[in-house]
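Report on the structure given below.
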């Protein structure tokens, strides 16, 4: 892979399907039908009477009405138009106007795995759905008793999913897009180190930072103190980016570091809309208060202004480029490449 | 025609033009200009001073302003931009900036026939416009002194016109889409009989039915009694579907049957929007009260939810299918075929 | 050029770029960033600290965010995403994440000339930007001490810019679109004289006119008196149309004529939206009052109804035609031709 190839790689216009993506927070799915678009597919999400989550293609094969416009009938789902009914496997089990059920009538059922606070879906070939491919949740702080987990929110962002990963992989933007809110003005200029692993891209920065009142609020620090901050983004394409913030008290090196892990489930709804599932795990005690959640929502709305503007231009002109990349973009470009490789793998398999 | 051919026939994407369609209720057209889209054409509808309805192409041939943005000038219509004026025949009769009127300047005039409560328009070649081809209004209860006519409403439905016919031809949907409102839960499971005539498709069902309070209200029955109900849909493509509801008192066979005829004028505005003209004729006395009209409006809004959802999916994907048809769909599929035949006839004539 | 060629010429679908267009009123541009679309390009307009107006392409070359979403930094503009900063020449002068600035990184800077109450922009090749090509402002009453200038407003009109010129070149429309507001009913029928110059099209009408209360208000006349009115439209494609209204007191020929000059800066935002900059210069004293400005705004909204309707039809069908032209359209057709010639000239140069 030459540098030229890398620079020429645009945001992904296809999705890697034989991959796990966060489909929903556990708390969103219940004994009702939730319609959600994932990788372009409309999906009807619900739970059976014993609580098992189910994801069916949200389109009655008879006349095309979304099944989500119908109703649950025990563990099955009944179309609201002519009453055709489908089991959680997707198989049709009732046609009200006749006794015989056509054997081939059914809808697609997507494999799901519920882990910690969310539900992962496999949007590709079901026989390839291997739960061990889901990223390690202990590393995310989500299945680790040393961390306190707070579910933040799902934000539907009007941009291609790659733009969200790139936003997180080039945190130099916090100095300009969120001035005073997430750094003391020195992130953009800090040195970066890039590490590539088989499945992930990791970029880290270390800086001596003053805990302004805003930073003290955001990271539970002592205002006015100086900390050694390590800021890491680790992206596992196509569906996960994680930001690790570690603050060590420079005046008291023996004090335990304060760690805030922010895993982002990043799931394309379609080419121009992305579900962003936000959660945090902290090494210090206590759930994050609602005020902190609201604060992060407002910060992410600033990101959305940038992402939306880039996406709108794309909608108008049909291209993201031309782009002029600099050294700080290497992590983002690696992420594009990885996504392109995953898509190519799907294609090779299909051919 | 094989069954395979029939199953492969999608909703009509072209319109048969050498046909009569309901253009408006009589009550909608007067000494003002009504702009309406019919089969993709914008039409300006008005009445001359003696009350004759007129339909002209709604576009000034000079610079393209809709004539409906202008004003009536006696029996003529005057463009609101530069004052070009057109007689009811469509011929230009005035150009304010000059004395000479170019002989070829004019707009298309569409043949109209006013019958009972509505006005039919011929959207094809004027010389083929034969009023005897308009469906028999006596059979619709509209020109029959034994029936009382009530004009209900025009509803503009966000779907292809074929979806509206199909909705009426597969009444098994009333059990699921309008639960408790139009049947006692047994329509979907009732036996059907299909009859094909040269110009129409007729599907009928007979059932023993309990007059719930809702049915008693909808069909002027005695609550709690049992009736022999005959439910017939007769569609005359491309522009008319009629539903006949007949209730016979099972405890008193000598009592006259209660008949409610609902003719539906179904006129495409364009591929994705359809004008539905709703009227009823009842064998029992008295106009339908406003409460009944409002009740039917609300029921049709439920149909619209289904039709809109199917249409939206079509707009997104460019196709209505794939579909999986069952026996109850035969009437709807016959209707699609008939519409396709009428379009083919137009094409053959044009070639 | 035959008459047939002329009649076949549709409104311009391309823009002549090597031309001056009004970009903004001077009063609109200051020490903030104004985003405006001109000839399809998004442009960021601002002033440097010494007041010089600047126009830069409104897209950061790094990741495509509009620069107008950023902030001014002295005479430069800083992107709001990652802080890349650009001088008024368009050259990048800062990349916060690194010390080296790629030499080729920059954005396009458009030549501007500020004259009287507005700023002209050159949207084509910078080396061709000759300020002497800007129409003579003295002739417009804008740089002539005998005239009082009043800035009216910018109106964004939902139609192709050619439709605006045509509206002004065929003033026969005032009799029908603005009845009673801009004439006593006799403009449409008045005789016209057409004069063609190298760069402009001039059409004039003379009429004996009664100063109705509305006309007296619009043109500062004495109500009830009769005037000899000369009404001239002079269009200099592609960006300027001027209307000259001269009223001479028929009862008192010695009295000075009352002249109202209305220059219209007509600048395409894109194919279907046009900025119309409206200003007046009067030979009589005193700025026009706000009531007169509001009155003209309302009259132009009537024009917009016509222009929007024609444009909407174009959006739907993809063509402005077919059109049927008459003698009064000759001026407008000449304007189309002139615009087409200017586009052809650009093309020839590019080839």
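So that you can tell them apart, the chains are marked A, B and C in the order they are listed, and the count of residues begins at 1 in each.
The rule we apply is simple: a residue touches a chain if its C-beta (ideal position, glycine included) is under 8 Å from a C-beta of that chain, and two chains touch if they have at least 3 such contacts.
Note that the coordinates shown come from a computational prediction; the quantities given were computed from them, not determined experimentally.
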{"item": "Pairwise touch network: line, ring, star, complete, or other", "value": "complete"}
{"item": "Classification of the chain A:chain C interface as same or different, half of numbers criterion", "value": "different"}
{"item": "Angle (degrees, nearest 5) of the CA superposition of chain A onto chain B", "value": "120"}
{"item": "Distance between the centres, which are taken as Cα means, of chain C and chain A, whole angstrom", "value": "48"}
{"item": "Residue numbers of chain B (touch at least two other chains)", "value": "none"}
{"item": "For the chain A and chain C complex, residues of the former touching the latter", "value": "166, 170, 172-173, 175-177, 188-189, 192, 305-306, 309-310, 313-314, 320-328"}
{"item": "In the complex, chain A residues that touch chain B", "value": "59, 61-66, 69-70, 78-83, 95-98, 102, 104-105"}
